[in-house]
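Several structures are given next for inspection.
Below are two complexes that have chain A in common, paired first with chain B and then with chain C.
== the complex of A and B ==
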């Protein structure tokens, strides 16, 4: 039995002032495993990634629960120690390649900075590692790209650079926050394949945030389905498509358009189901408040 | 086929850079003013303070009654207008540079701190800016110089004290925008400290804005100095300034228009050049508008 890279236990997040963002979320990701977080906008998928990486907005606080990353109990650490613990084992592949690279700095230092400044690599080694990864994400002429500014690259190319930058420090965990949402469909496919390939070669654990069930099927081994900050169902990807247990999961799968049936009407998640789930969650919240 | 698609994706766009007439014209005029200011004692054909009542109100070259060595004519005390303009450039530039840099430094530092750290820092700085900007600036300047006493130093200080808010407000807003960009998140996840993020990630992206504001502010400083000279609150009357020339020329406008018009034109061109330089700099260096 392998030790999980990331283990989240009963994580509950709330805004200062009351509203709950995550409710009692537990999940774990093993080395080399891709765990997809799926749900609609506002379900709290990105919030989980932010909590792990320690970049929650200041208005959000952790109400209960714990996060264990590569043997470090993150919530028990001081802010500085936590920053160091995260920086040495985790990376982010962000959503929007247009704002995720600093427009006034060259690509090279944006990849190597972290290796040299935080992880203590030699400049030569960092340079070599960056070139190697740019090559592995199929960027031609990596030397020239390292010396370029972001505005000289296309969106798809910038996303490749970001993937290279995320994998460069040999992270144990990568949080991929909808990394293909801002790209067009043909580029999306290439990018997914690249993430999959690198992740398998490096045996990296990946927390993959998406709202696209098609992407879930292509990339992940495990899935957690979220609704209103609560995990509805968590299981193997293969099982969830063949035997979805929770009605919300069933509705989500039904809502995915099928290329094999181009004429059929879209089937959105039924409003009654959403209303019912919201009532249940509200009742839970009252119960929790009562216990406290 | 897949290869062809990849080539298309990986071909960086060529950088096209057109010459920017706005930038070059304004730089040329500013260079002329700088040369005049630096080389005043060699360039000026006459002593700007020398009065000669026999030569009063000579018209500029080309008008009847003009004299060859007084190219732009003389004022009502017989002083050479061109020489006074050239010496006036010294004071205009000294004020423009010193006052703008002082205002820029104060305002940008406060703006960066407020925009980046937010919270109480932001609240305090923002309230200060609000209060400061509720004073009418020219009246504020006149009051300040009246309190500080006339002289080059007090004019510079007064302009810096009034105009730091221009920098603080804009730099604060720009810093807030930049601080929420994904690359700042990435740097935080990469373990960079807050100060390092501010210096390496945020500041370089705010600099084009600061540079543009700085050029604009130089124009504003020239105007404010002229206004203070106009109401006799700038430098003592034995050093020629454009503002005091305009004030004197006003009295004789009907029979010696050149005493007023030439300093006005020079002032106008200088202020225009600084503001165009600001816009030109922003176009040239802002990575997003390239």
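== the complex of A and C ==
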């Protein structure tokens, strides 16, 4: 039995004195496994990644549940200890390569800073590791790119830099938050292939946030389907596509256009289904309020 | 068969100043975006324009509605050469050349109500009963008339894009340019917006240029497709033909890059990183 890199148990998040954002979310990710979080906007999929990395907005509070990352019970730690525990184990690949890099600093220090200042690497080692990773994401002239500013690189190149930066500290977990949404399809495929390759080589666990069922099918081994902060269905990716159990999962797959089925009418998620799910969730919330 | 297409494009060329390489003094060097495109947009058809980023699809679209001035070749709209028409001469044609943009949040005035956003262009073109027609158009795009009093930020992304569509179709235009109109939306809203667009195109006999990087979407809404690569047409034809037997390697690459929602172990085999 492999010990999971990340284990989330019954995580419930809410706005201070208000609406719930996540409802009793449990999931685990093993080393070398890609776990996709899929859902529509507002489903809470990014919120899970933020909770793990400890970068929730100040207005959000944890109502219950626990997060265990590489053996550390994060919620039991002091804020400073928690930051250190997360920084040494987890990395983020952000959505927007255009805004994630500091425009006024060269690429090199943007990769090595965290290694040196946060994780205590020697400058030489950090430099070598950064060059190695840039090479592994197929950046042709790593030395030159290290000395470049972000604006000198294309969107696809910048996303490669961010992947290199994420893998540089040898993380056990990577949170990939819609890393290809801003890219066009051919670049998206390259970026997905790179993330997959590095993640397999390094046996990194990946929490992969996406709204695209197509991307889920290609990149992940496990998937959790989210609606309104609640996991509708969680299982092996192969099973989700061959036998989707939950009607919402079925609806998401049906709504995704396929060029191989041009004459199939595009089917939005039925409004009745959404209304029904919302009723169930409201009833759950009332039940939970009673217990408390 | 010899029906005149609504828009005829011949050897369209367009270059733009490359501001990144502009010297301190003197003009910026020009960069060739479109290097000679020829195609027809038949009346009542939705034509897909697809390509990688930088292929020139957005520039081609903007030239079609004359937001950009071509540097060579010609664009003929309803038999009239509009390639070099001045803004004044274009004015009577503007009503017929409408557009819907990618991001409805930034293309709808945040300080105007939905009703005003839809009615304003009609008033400018002297359409009678603009307010009343705005309400009718709202219902036509599947939004309640009560939305007329709301502001863009009160709507969801899919609803805002319906407003973008409403603003364009309210003028009863001959042509609509739709540039990546669903790329910011969830799949469910995307399905709704595309179904709506298809329905309106059929009901109103609209001619649409539909720009997208998503070939699955193009296959679902378009009857013909133009594949652009580096400012040139790599391939064009009826969707069935182009998808079933792609002739150009770039078309094949674009098709191979679509992640279909189904398990395919060999999908990554074709990628060149």
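The criterion applied here is as follows: the second predicted complex is superposed on the first by the 291 of 292 C-alpha atoms of A that agree within 3 Å, B and C clash if a C-alpha of one lies under 4 Å from a C-alpha of the other, contacts with A are read in each partner's own complex, and residues count from 1 in each chain.
Methods note: a contact is a pair of C-beta atoms (placed from the backbone, for glycine too) under 8 Å apart; a residue touches a chain by one contact, two chains touch by 3 or more.
Please read these numbers as outputs of a predicted model, since none were measured by experiment.
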Could you tell me if A:186 is touching chain B, chain C, both of them or neither one (first, second, both, neither)? both
Have a look at where A:118 lands relative to chain B and chain C in the superposition and call it first, second, both or neither. first
After the superposition on A, what does A:28 contact: first (chain B), second (chain C), both or neither? neither
Is A:221 in contact with chain B, with chain C, with both, or with neither (first, second, both, neither)? neither
Would you sort A:211 into first (chain B), second (chain C), both or neither based on which partner it touches? second
A:153 contacts which: chain B (first), chain C (second), both, neither? first
If we overlay the two complexes on their shared chain A, which of chain B and chain C does A:265 touch? Say first, second, both or neither. second
Counting only touches as set out at the top, which of chain B and chain C does A:138 meet: first, second, both, neither? both
After superposition on the shared chain, which partner residues are touched by A:9: those of chain B (first), chain C (second), both, or neither? neither
Chain A residues touched by both chain B and chain C? 138, 186-187
Chain C residues touching chain A in their complex are 52-53, 157, 186-192, 194-195, 213-220, 239-240, 243, 253-264, 267-268, 271-273
Give every residue of chain B touching chain A within the complex, in rising order. 5-7, 9-10, 12-13, 15, 118, 181-183, 185-192, 200-201, 204-205, 207, 287-288, 290
Of all residues in chain A, which touch chain C in the complex? 40-41, 138, 155, 184-190, 192-194, 196-197, 211-218, 237-238, 241-242, 251-253, 255-260, 262, 264-269
For chain A, which residues count as touching chain B in their complex? 53-55, 58, 83-84, 86-88, 90-92, 94-96, 99-105, 110, 113-114, 117-118, 138-141, 144-145, 148-154, 156-157, 165, 169, 186-187
